[in-house]
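The structure follows.
Lettered A, B, C, D, E and F in written order, each chain numbered from 1.
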Amino acid sequence: MNDEILSTGNKVLKRFFNLDTQSYQDGALSARVKEMLGLVASLVLRCDDCIRYHLGKCHALGVTREEIDEILAIGNLVGGSICIPHTRRAVEYWVALEEYEQKKDEN
Amino acid sequence: MNDEILSTGNKVLKRFFNLDTQSYQDGALSARVKEMLGLVASLVLRCDDCIRYHLGKCHALGVTREEIDEILAIGNLVGGSICIPHTRRAVEYWVALEEYEQKKDEN
Amino acid sequence: MNDEILSTGNKVLKRFFNLDTQSYQDGALSARVKEMLGLVASLVLRCDDCIRYHLGKCHALGVTREEIDEILAIGNLVGGSICIPHTRRAVEYWVALEEYEQKKDEN
Amino acid sequence: MNDEILSTGNKVLKRFFNLDTQSYQDGALSARVKEMLGLVASLVLRCDDCIRYHLGKCHALGVTREEIDEILAIGNLVGGSICIPHTRRAVEYWVALEEYEQKKDEN
Amino acid sequence: MNDEILSTGNKVLKRFFNLDTQSYQDGALSARVKEMLGLVASLVLRCDDCIRYHLGKCHALGVTREEIDEILAIGNLVGGSICIPHTRRAVEYWVALEEYEQKKDEN
Amino acid sequence: MNDEILSTGNKVLKRFFNLDTQSYQDGALSARVKEMLGLVASLVLRCDDCIRYHLGKCHALGVTREEIDEILAIGNLVGGSICIPHTRRAVEYWVALEEYEQKKDEN
C-alpha cells in the first residue's frame, strides 16, 4: 500500500516510514504493549486506517477482546465522545478479525 | 485541584471525573499499562498537565526511564514533531521526579 | 448501532455512553440549546457522524435553517476553512431532513 | 490586544478578525446563545485564551453558573478528559469574574 | 459544490468563503507558494478533501512531484505517522492528475 | 534545549529529531519556503514553541513581514479564529526579532 509513496525517491519520507516501523519493535516494552499504545494514540487522534492497522497487529500478538475494550475505554475517556463512531468501527473490525480466525481454525 | 469544579453540583461533570479515574484501575490490563496508555494519548493530544499527571502515576507504578523513552518515541512518531516541546518538558519532569525520589532515599 | 459495543461488558464504556446521553437532557439549558452546542463542537472537531447525529436532534427539536446556518458560521470561523467540506455535507444532510419531513407532511 | 496585528495592513487578516466578531452578533440566534457556542467550541479545541474570552462575554450577557457548568459538561463529554485542565482554569476564571462583580456591587 | 451553502443567505459564511479564496491570491507571496502552504496545513489537519483541492491547485500552478514529496515529508514530520493514510491518498491523487494531463497531451 | 532528551540513548527519538532537521534543508524547495511550510503547519496545529522556532528560521532566511502576514492569514483562514491568540504572540515575537536586529545594526 505504501509502494507508490516509497517509489518516490524522497529520503525523508522513506526514513520516516522505516522509523515508524522501528518504534513498535520489542525493546524495554514488548511489541504487544507498543501496539496497544499505537492503538490508543490512533483512537484519540481519530484515524480509522491507523486504528485498523494497530487492531490487526494487536490481534496477531494475542491481545484479548477484554484488553481491547479497556484500551477503547481509555481512548474514549481521554478523547471524548467524538471517538464513539471510531470506537464502533473498531469493534466491528475486531469482531471481523475474530470471526475470520475462527473460520480458519474450523477448516 | 478539582475541588472547585466538584463543588458545582453538576452531576454529569462529577460522574465524568469519577469515570475517568475508574478507567485506569487494574482490570484485564494492569494499572501500569493503562497509565502508559494515558501518557501516550496525552502526548499526541499535547496536554502538558495531562502528561505530567500520567508521568507521576507511571513513576509511582515503577515504569522505568527506558520504558518512558519508548512511549515518548511512539508518541512522537504518531503525533509528529509538534510533540517535541511537550516531549522536552516531559523528560524534564521525569528527571525531576527521579531526583526527588533519590533525595528521599538518601535521607 | 451501539449494540455491538454495549454487548461487551465493559462498564466504563457503558457508563460513558450513558453519561454522554445524559449531558444533552433539559436542565439549566434546554435540550435544544444543548444539541446546538453538540453540533458546533462536532463541527470544529470535524466528525461527520457526530454532526449528522446532532443535526437530526436539532431538526427534531425545531431548530430552523437560519439557526443552523449561524451555528455553522460560528463553527467555520472558530474552526477554520478545514471545516468547509463538513459544512457542505452538513447542509446537504439538513436539506435531506427537511425534504423527508415535507414529503411525510404531504402524504 | 489585537492592535499590533491590525497595524499590519494585511487585509485578509483584518477582514477575518472583523468577520469573527460579526459571527457572534444577534441574529436568528441571540448573542447569548452564540457566546455559549463559542465557549464550547473553544473548550473542545482547548484554547485557554479563547475560553476566557467567551466566558467574559457569557458573564456580561447574564449566563449563570449552572448554565456554564452544563456547557463545560458537554465540552468534556464531547472533547474528553483532555479538557479537564482547561475546565479547571475556566471555573477558576468564572469564579473570579463573579467575585469581581460582587465587590463592585458592594461598593 | 458550495452552491447549496452559498444559497443560504448567511452573510458570515459567504464572506468567510470569499475570504478563504482571497487568501491564496498572488501577493507578497506567489499563489504557487500559498497553495503549498494550504496543502501542508491541510495535511497536518488531515482533511482529504482539502488536500485534494490544494493538490489540484498546485498541479495547475506547475508544482513538481519532487516539490510535492518535500511538502508531504514536512507534513508527515510535523504531523506524524497519523498523516500516512492521507499521504498515500494524496500521492494516488497526484499520480492520477499527472496521468490525466499526460493523456490530454497525447490526444 | 534537546540535550536532555538526546542524552537518553533512545535511537528512535534521536533519529526522529535528526529527520525533522533534515526535512527543512534545501532540496527541490528552498529552505526558505520549507520554513514557511513549517510555520503555517505549526500555526494551524497551535504550538507556540514551534511557531517561534520557525519564525526565527524565517527571519534568518530573509522572509519579510509582509510574507509572514500572508502566511499567518492563510493559517488563520485554514485553522480558524482559535489561531488568533497564537497569531498575536507570533506577531509580537516577530516584532521583537526585528527590533533586536535593528539594534544590532545600530551598534
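In the analysis below, a contact is a pair of C-beta atoms (placed from the backbone, for glycine too) under 8 Å apart; a residue touches a chain by one contact, two chains touch by 3 or more.
Owing to the predicted nature of the structure, the values given are computational and were not obtained by experimental measurement.
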item: Mutual neighbours - chains that touch chain E and chain F alike; value: A, B, C, D
item: Chain E against chain A, contact positions shared by both copies (same if over half, else different); value: different
item: C-F against D-E, pair bridged by the larger set of C-beta contacts; value: C-F
item: Repeated interface matching E-F, over half of the contact pairs identical, chosen among B-D, C-D or C-E; value: C-D
item: Chain centre separation in whole Å, for chain F relative to chain A (CA means); value: 32
item: Geometric centre distance via CA averages, chain B-chain A, whole Å; value: 21
item: Mean-CA-position distance for chain F and chain D (Å); value: 28
item: In chain C, residues with contacts to at least two other chains; value: 12, 16, 19-20, 23, 41-42, 44-45, 50, 66, 69-70, 73, 76-79, 81-82
item: In the complex with chain D, residue positions of chain C that touch it; value: 19-20, 23-24, 27-29, 33-34, 36-38, 40-45, 50, 64, 66-67, 69-71, 73-75, 77-79
item: Touching residues on chain D, where the partner in the complex is chain F; value: 1-2, 4-5, 8-10, 12-13, 16-17, 20, 41-42, 45, 47, 49-50
item: Residues of chain C touching chain B in the complex; value: 11-12, 15-16, 19, 22-23
item: Residue ranges of chain C touching chain E (in the complex, touch as defined); value: 46, 65-66, 69-70, 72-73, 76-77, 81-82, 84-85, 87-88, 91-92, 95
item: Of all residues in chain F, those that touch chain C in their complex; value: 44, 76-83
